[in-house]
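Next up, some structures in structure tokens.
What follows is chain A paired twice: with chain B in the first complex and chain C in the second.
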Partner chain A sequence: MTPDPRLIVFENVSKFYGEVLGVNKVTFSLEPGITSLVGPNGSGKTTLMNLMTGLIRPSRGAVHVLGLTPQQPIEFFRQVGYCTQFDSFPPGTAGYDFIYWPLRLHGFAHDQAAKLTNEALERAGMAQVARRKVAGYSKGMRQRIRLAQAIAHHPSVLVLDEPLNGLDPMARAESIALFEAIAKQGMHVIISSHILEEVDRISDRVVLMSSGYVVAEGQIKEVRREVRDHPMQILVRCSNAARLAAAAFELDHVVEAKILTDGHGVLVRTRDAEQFYLLLNKIVSGGLVEVDAVAPADDDVNSIYQYLIGSDGGPA
Partner chain B sequence: MSAQDLVARVQKWSREQPWRLYGSQISILVRNEVRRNLFTRRRIWIYLLALLPVLMIVGHAISDRASMNPSQIEEDTQVLAGIMQLYYFRLGTFFTCMAIFTWLFRGEMVEKTLHYQFLVPVRREVLVVGKFLAGVVVAVALFETAVFACFFFMYARFGAAGKAYVFEGPGLGQLWSYLLVTALACLGYGAVFLALSLLFKNPVIPGVVIMGWETIAPIFPAWAQRLSVTFYLKHLCPVNLPLSGPLAIFTVVAEPVSPFIAVLGLLCLTIAILTLSCFLIHRMEITYTTE
Partner chain C sequence: MAVYKRRYNPYAGSLTPERSRFFVLTRYAFADLFKSRFFVLLLILSLVPILFFAGYIFIANNKTVQLLMQIRSGDLFSVESRYFILIMMVQTQAAFLLNCWVGPVLVAGDLTNGALPLFLSRPFSRGDYVLGKLAVLGLLLSAVTWVPCLLLFSLQSGLAKDGWIWSHLWMIVPIVFCSAIWILMLSLLSLAVSAWVKLRIVATGVIFILFYVPTGLGEMFNAIMSTYWGRLLNFSEMFRLILAKGFREQTGTALLGSYTSEIPVPAAWGVLIFVCLLSLVILNVRLRARETVRG
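Up next, the complex of A and B:
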């Protein structure tokens, strides 16, 4: 079967480091847009990214990126940019050279390479310090110069391993805006991160990983549906919280109804959200409770992550 | 598949290759590697290794200046041959090439920077060739300079007699031979140590084994001797060293071959080892945590 030239495809991929499992039987395909790999340390996120970019070879299975494999390096690495989490640089390198020389290896002539280098430095906010040695950069600057190198040749697939680590809030916001702009151009952006809130906001889809396995994959709402057996949390801001909590408890599918500490709302955990919304309508129309706001409290990566992995995704 | 089909396939493959891109990539890799390998304080001990005999010859020339006699030229030619054959071609180039060529890939693994080389549109074979050539440029530049300096200081002190020995006698021919042997030694040992660095995480122990093999190879059959670098180098040395006893093992030539065959043989050995390295590099993975 010819691999789809639009997709990133993992076909039953396993990777073992000797006896140690990296990832096991991973199968999925990713469409353009922002995809987040979420999982605790050691869950296999970096292994998946390294497999995607050919830094390691699968023990079993096959990986295709836009129909290409790393065994075709000239075509492959013109399409792929990878910002690894290795915080190391060739000794004595200046920021500008760190981007310029790889571009020359791409085959760009001096003028074009210089233009692309300056453009990437601007986009990463590193133009002012480009002539300084990387060894003198702060952690955030080193992160951004690696990002600049990864995007300099305008790849169609941008793979970013923990790209927000070490960035201050301003740089983080700028980086996120950059990822979104790249994704809007129809490119693949693959991000791994522990910062679930940010991943949640920018992701088109998530791949949840635990102990080398993909435990869920798809759009956040789809993933939520995959785990519908787990109770869903609904936050209701209302005037008579105790009354609503009591009514909710009469329903079989409601697992928990917790009155908020300020007394102006209830956090309900239910296995049947539709039924709960019907009850809520009934109570509201009966005038027993005045509702200010209703919102699903856990339709984000963090809560899905907790359901699936039993951890908050923080560093292990 | 017939031979004609095979030739046609090879021709088609060759036409499809972006040779120009490969050439430009190799020149960039060589430039960057030379900067990284040659102009660094970490390499000071290599310079010392290469220049130690030069310092000794200069010291000898200064201390012997008063008693300088043109009849000593023959004796000093033997001394120079000893320095070349016993020091440069066996120890100096061996250990320098070990330091330079094993560091080309293994050093980048230690510094955790090799992934940058693997994430650019460069075939890994091109990477091997580029790094190898960079190592050769560094080693050859260093040793050719040292050999030339040794030669110059050895004969310059004899004044007109020295000049006559070099330009009207056998001196110049000997110099060219030494420069050729030095370059070939760098190529041969370089290829060996590059391959070792791709085979072993710590290439020092295999390096010591290679050293042992290069030393005892003369006692093995002729076909086995052809698998050592010194086998080819010995045939190209212009001055015979009259060594006896156990030291004769360094100079004994069991089965003489022509200089042309010796050069060709060493180049073939180098290409064969480089081809092996091209296969090995495809097995290489970025797993810094296990280094």
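Up next, the complex of A and C:
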């Protein structure tokens, strides 16, 4: 079967470092957009990224990136831009050189490489400091110059390992805006992080990892729906909280209904959110309760992560 | 969030040839090396003996200067194969010192900073990486060994009469060939040691140790076992043996080492080739794109 030239496909991929498990039996397909790899340290995120960028070969299974494999290095590496987690700077390198020389390794002639370098520096907001040595950059500037280097050759797949680490809020917002802009152009943006809140806001989908296994994958809401056996929390801000709580308790799938301390709302835990919403509609239409707001209280990756692996995904 | 349409056109113009792309690394390394004053000083010092050798050739071929300096022709060395062996021995030692400084600079920094993924996430293999770094050492060490040696050969050819060049043309082969094996061994060894220990200064020290400690151990082995095979661990002497045979000279002299005559030349070749292969194995093991920390 010919791999889809639009997707990143992992087919039953395992990677072992001797006897140490990197990732095991990973199977998924990623569409263009922003995908976040989420998991605690040691969960296999970097291994997955190294596999995706052709830096390591799987022990078992196959990886296809836009229909290509690392066995076709010229086409493969043209499509992939990788921003590593670590300070990969040859000693004494200036920011400009850090982007220019790798472009020459791609096979761009001097003029084209210089043009692309300047373009990448502009996009990452680093043009003003490009001639300074990277050793003198702040951590945020280093992240951005790495990002500039990863996007310089116009890849279709951008793989970013912990790209928001060490960035101040302004730089973080700028970087996120850049990722979103890149994703809107139709590129794959793969981001790894163990800070769940930041990827929650920007991701089209998440891949949750734990101990080398993919524990869930898909759009955050889809993943949440798959966790059927864990009650979902719904927060209802309303005028007559006691009445709503009483009505909710009559439903079999509601396991808890807690009135908020201010008395103006109920936190409901239910195994069937759709049935609860139907009940809520009936109560509201009957005029028994005036509802101000309804919102899922645990529809974020942090909660999902806690449900799935019993950890908040923070550093191990 | 994503609009699944490409709005940019990927680059579709011409690219530089793949086969010569490793030279990008070489050029970058040279640009970096020549920023170091110490390196420039070391390079100049490595070439200083060439001036003396050239001066000597000039005097040896110029009767007027000899008369002015009140030197009789018979007092001078004749510029023959032994003279070129001497030049080679001095310059290969200069190459060794230069290699001890430059080799670790080339690789250790990349490994300490985890920069290999930077290179290997391009259409650029580990082989290209090693080739790029080897080219730096190859060009540099050539510039202090066989290239000046050939220039001196040309100088002698130009100054000498009676068809000296035609009777000595064969010497070009050992000059180039012996330099090449020495350069290859030194370069691979220094890259392998640098990849292994990762720290520049330590790598420089280890390269020195690898040349002198085995020599001492070999001598101990010889003394205990009453043999001469321990000399195989003296890489410099093995090179001298190959050099002497290349220049059709007898070993067992003060210039060429008094013991090596008993070691067969193929054994000397075997030692140098073994060091090269071992270095390649170490490079293959240590130069990995994988980062050490999994996340």
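The definition used in the following text is that the second predicted complex is superposed on the first by the 313 of 316 C-alpha atoms of A that agree within 3 Å, B and C clash if a C-alpha of one lies under 4 Å from a C-alpha of the other, contacts with A are read in each partner's own complex, and residues count from 1 in each chain.
Operating definition for what follows: contacts are C-beta pairs under 8 Å (C-beta built on N, C-alpha and C of every residue); 3 or more make two chains touch, one makes a residue touch a chain.
In this text, all values refer to a predicted model and were calculated from it rather than measured experimentally.
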Chain C versus chain B on the shared chain A, clash or fit after superposition: clash
Partner chain(s) touched by A:82 [first = chain B, second = chain C, both, neither]: both
Partner chain in contact with A:192 - chain B first, chain C second, else both or neither: second
Touching partner for A:57 - first (chain B), second (chain C), both, neither: first
Partner chain(s) touched by A:210 [first = chain B, second = chain C, both, neither]: neither
Residue contacts with chain A in the superposition, chain B compared against chain C: C
First (chain B), second (chain C), both or neither touched by A:184: second
Partner chain(s) touched by A:24 [first = chain B, second = chain C, both, neither]: neither
First, second, both or neither for A:41, with chain B first and chain C second: second
Which superposed partner A:156 touches (first chain B, second chain C, both, neither): second
First, second, both or neither for A:102, with chain B first and chain C second: both
Against chain C, colliding segment of chain B, chosen among 6-14, 42-50 or 60-68: 42-50
Residues of chain A contacting chain B in one complex and chain C in the other: 17, 50, 53-56, 73-74, 76-78, 80, 82, 84, 86, 88-92, 101-102, 104-107
List of chain B residues in touch with chain A within their complex: 18, 21, 24-25, 28-29, 32, 36, 40, 111-113, 115-116, 118-124, 285-288, 290
Chain A residues within the chain B interface of the complex: 17, 50, 53-57, 73-78, 80, 82, 84, 86, 88-92, 101-102, 104-107
Complex contact set, residues of chain C against chain A: 1-8, 10-11, 13-16, 18, 21, 24-25, 28, 32, 35, 109-110, 113-125, 289-291, 293-295
Complex interface listing, chain A residues touching chain C: 6, 17, 22, 31-34, 41-47, 50, 53-56, 73-74, 76-78, 80, 82, 84-92, 97, 101-102, 104-109, 112, 116, 149, 153-154, 156, 161-162, 180, 183-186, 192, 194, 202, 204
